[in-house]
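The structures considered in this document are given below.
Next, two complexes with chain A in common: one pairs it with chain B, the other with chain C.
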Partner chain A sequence: MTRGARVLLLGPYVLLLAVFFTVPLLLMLAISLSRQSFGQLEWTLTPQHYIHFFTDAYYLGVLADTLWLGAITTVVSLLLGYPLAYHLALTRSRWKPLLIVFILSPLLVGIVIRCYGWMILLADRGLINATLVQHGWLTTPLPLMYNKFGVTVALVHVFLPFMVLSLTGVLKRIEPQLIEASQTLGASPRRAFFEVTLPLSLPGILAGSLLVFSLAISSFVVPILVGGFKVHVLPMVVYEQMLSVFDWPFGAANAFVLLLISVALIAVYIKVTERALRGIV
Partner chain B sequence: MILRVSVGLVYAFLLLPMVIVVLAAFNAGNYFTFPPQGFSLKWFANFFQRREFMQALWLSTELAFWTAVASTVIGTAAAIPLVRGRFRGRDLLNAFVTSPLLLPQILTGVALLQFYTLLKMQASYGALLIGHIVVTTPYVIRTVTATLTHFDLALEEAAQSLGAHPVRAFFEITLGVIKPGVVAGAIFAFAISFDNFTLSLFLTSAKLTPLPIELFAYLKYSFDPTAAAVSAFAIGVALVLVLGIARFMGLEEFTGF
Partner chain C sequence: MEQGDALTEAPRASGTVTLTNLAKRYGATRALDGVSLAVAPGEFFTLLGPSGCGKTTTLRSVAGFVTPDAGDVAINGTVVTRVPPHLRHVGMVFQHYALFPHRTVAQNVGFGLRMQRVDKAEIARRVAEAVALVQLPGYGGRYPGQLSGGEQQRVALARALVTRPAVLLLDEPLGALDKKLRDHIKIELKRLQREVGITTIYVTHDQEEALTMSDRIAVMHRGRVEQVAAPRGLYETPATAFVASFIGNINLLAGRAAGSNTVDCGSATLAATGAAPAGAAVAVALRPERVRLDPTGAVDTVLAMTVAHVVYQGETVRYILKSDAGLELQALELGEVRFTAGARVRAGWAAADAQIIQEGIA
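Let's turn to the complex of A and B:
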């Protein structure tokens, strides 16, 4: 393939990305270092918005809550996703395509719809509470929504497919002979799992966890709809600063803090996966 | 046995909210309770009669269509040198072209909003379309790359040694073989664009609202099952699209396992 053909084929997308992705992100960095007075941007190089963020107890609390929710979501997704991925990697069932549809379809159903499903289930007058109250098993509804519990449930639901896809890719590549060999040598199935399968699937565990964590800390639809603006997370602060308060420099600084965390996670993710994962995520 | 039961429970958890939304859409009552209060299509009727939902549905369909067309052409073209080319910096370029996929979309959204506003291009159809193309093209590159890696270059060489021009060899041989990946990529790009919320939120206005944004706005003020009818409709669209991907590429190939 000649150089000219390469440029012709790759050029359009690289150019599009440079203009409508890289430049806007650099602009966001510049805005986060600028000042705003009466709605006008003044191009400066001031760290004041970052200092504001890292010295204000409210924003530090938001950051801590964001990371904490991300961590819980990751751990729960791993615990729920591992058995699913293990089963999917080994199964020879003729229903396997259907199982893949089950895992993929939540990915293709919009996030607003999935949150709405949880709202119907978890609201004070939602399906769970209404059914419990109607049958007289409860007098007051359980607080299932507009709190961290509801947000965590919905976050796990939204990001679980990414964990399953990451894990299945790795689990499928483990040679079955290795497990058979360990059992021939006298290991119990349980021991074979903990000493062969689990260690060999570590790259998948790490990759899936990084992906889910990075997606979970940047989600704001779930905290807004299922959290009802009561669970404050960093992306929600960005959203409010940009679209309600209109404080662009501070909003951009918040976004950049989130970006730095994501980029750090992505860098590790790329290192971990190398070419081990060739899926849709 | 324990594995099977727990796997079944997790699948139930994955599907539960979608099943509930669909049931609520066909339920007669204002609130969805158990047992259901009878079958009704009135929420669907309301969805199809409301102008704002119909306009949003049309906008989303049109936007997803043009996004799919553009990102399929650009993405397929880009995938070829990324798989076949032997040049310095290929790995770096590979990481660069897939970066919109890895970066949280809220950041792309915020950055594009500021960029467009400074250029006085905000909340325009073109601006929204470009944003969608930026985030869907990496998916096309992924699916095309997956099929292109299995492609036997000897086929193309045979065509060329039989006298075909390289460009003709590409269109008649290569494109025919990688078609499953291209079509699956196009369908996936359509689906991602049709359901996109996060990026769209920053690039829309009162006059330019795709369906997910309209639904979000509706949910902020009312809780009635018209939203469920809208959602059930979108779930139906997603299912059709998944079946399309399964038909053209096969889901095991598509997901990489």
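Let's turn to the complex of A and C:
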């Protein structure tokens, strides 16, 4: 294919991106810098909404909670996902396709249904608490829902597949001979894992973590349904400002803070991977 | 039985490897079918055979990556059959080198020493020494991705040698290199092996590699060892039909043993060396370059034949000969073309140049 034809074929996507992504984004940036009085937007360039956000303890608290939820979801997904991915990468079992379906299953169920599933399990009168109380093992139900714990569980559940797939791709590409080489040089299987497998899977760890973190800090439905408005995260604030309070400039500023955090993360990710991957890719 | 203890001690520069009746099956495939070998200290020992004959499986049994179904592996006289690889203290060079891509050359080479908890200054000293040994000084800070195939190969060798293992194992280490580099590294490898004096087991399917480098060669076929001999012995006195035809080019003339040093092939009686019970099915193995056409000196067998084809090969000329009774024979000569197709010639050979082979005759 000639270069001209190739560029031409990119056209539709570039157009789509421009019309439905870049333009709205720029519009939102403009709104976040504008002023609103009596429901009318005045096109200004004021940083007041950002200042408002970063000087109000409530919003800073929400930001901290959002980042904390993202971090804990990422770490738990990594710890649960690594063994899963490791097995998936190495197994020659004929049940492997079934295992993959199991791993992907959270993505096959609609988000609302999935959350109600967790509510049935985690609620005060849910399956877990009801069983424990009924057997007299507990007098008061455990606080499993409407808190960060419940939200984290539900977030890990849905984002785990992203972590597992990122890791599996990388782990599968590690030459088994590298591990054997380290063993002939005196590394026990455990040592070989920490000296060879783990460092070589770093790209997958970073990619998976970034993906899960970005998805977790921007999730909206899960915190609302499982957190029951007791757990406040940034996407909820954006929603409230836009659609309940109708303070579009402030809502837009919140959304931009979220976006900037994601972008900053990607930048850090690229820097870190460049260093960590020297020699690997 | 005592296992492995001796290997965690300070290693000796060279060791023995003894395989006793190794057997390994993969499903219906007998990868190893009773392999017994004894490799002497400092020896360059080669496993040679066609693809799938069990060379890699044998080598991996020595390294500890394959646990045989039966039989034993002993290194330096200690049985290690069930000792895991990391306690065996063998050096191994893999076909694609298996250098750690996330570590520099120096870190790769020093890896084994670090596993042995050698102190840092000592590691640095020995790494420098090993890197110099393979003639890559100044490469310590590079990553494997920045090296050519031949350089990677040498780093892999340095990495395997620096811990002074009891035995060095190489699985088709030249397979991934182009022909010119291969010839160069072949000589280099042999020099290094002599210099270090390390017992070496080398796997290849390339007979030329095996013949030029080895002290002794074991020819393998279908999971069994067909013959163990020095290169010259293998070429000149093959023990089985398989060895005879695998190494170089050879005439195999089928017949029945008739008295000592004679074989009756129906249309003629052939002189050859070797004993077989009278009447046994045998073959006479005769190198084409040992066949003399219109011989002037003394020969023990002379056959009247017709030149069927002449194959001009530059340095050499190959003649395909046929007798009136249908016997086919190849002859190889240096120099100019002496006969043309259709010419009548007398083909002769000395009994000492022809071998009676009993094993593996169909």
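Keep this in mind: the second predicted complex is superposed on the first by the 258 of 281 C-alpha atoms of A that agree within 3 Å, B and C clash if a C-alpha of one lies under 4 Å from a C-alpha of the other, contacts with A are read in each partner's own complex, and residues count from 1 in each chain.
Simple rule for what comes next: a residue touches a chain if its C-beta (ideal position, glycine included) is under 8 Å from a C-beta of that chain, and two chains touch if they have at least 3 such contacts.
In this text, all values refer to a predicted model and were calculated from it rather than measured experimentally.
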item	value
Which superposed partner A:T140 touches (first chain B, second chain C, both, neither)	neither
Partner chain in contact with A:L200 - chain B first, chain C second, else both or neither	second
Which of chain B and chain C A:L17 touches, first, second, both or neither	first
Touching partner for A:T168 - first (chain B), second (chain C), both, neither	first
Partner chain(s) touched by A:A255 [first = chain B, second = chain C, both, neither]	first
Which of chain B and chain C A:S182 touches, first, second, both or neither	second
Dominant toucher of chain A (residue count), chain B or chain C	B
Which of chain B and chain C A:T131 touches, first, second, both or neither	first
Doubly contacted chain A residues - partners chain C and chain B	277-280
In the complex with chain C, residue positions of chain A that touch it	175, 177-178, 180-189, 191-192, 195-196, 199-200, 277-280
Contact footprint of chain A on chain C as seen in their complex	63-65, 84-92, 94, 96, 98-104, 111-112, 115-116, 143-145, 159-160, 163, 169
Chain B to chain A touching residues, read off their complex	3-4, 6-7, 10-11, 13-18, 20-21, 24, 31-34, 74-75, 77-78, 80-82, 84-85, 87, 93, 95-97, 99-108, 110-115, 118, 130-131, 133-134, 137, 139, 141-143, 145-146, 188, 191, 195-198, 201-202, 212, 215-216, 219, 223, 227-228, 231, 234-235, 238-239, 241-243, 246, 251-252, 254-257
Residue ranges of chain A in contact with chain B within the complex	1, 3, 5-6, 8-10, 12-14, 16-17, 20-21, 23-25, 27-28, 31, 80-81, 83-84, 86-89, 96-97, 99-106, 108-114, 116-121, 123, 125-127, 130-131, 134, 157, 160-161, 165, 168-169, 172, 214-215, 218, 220-221, 225, 235, 238-239, 242-243, 248, 251-252, 255, 258-259, 262-263, 266, 269-270, 277-281
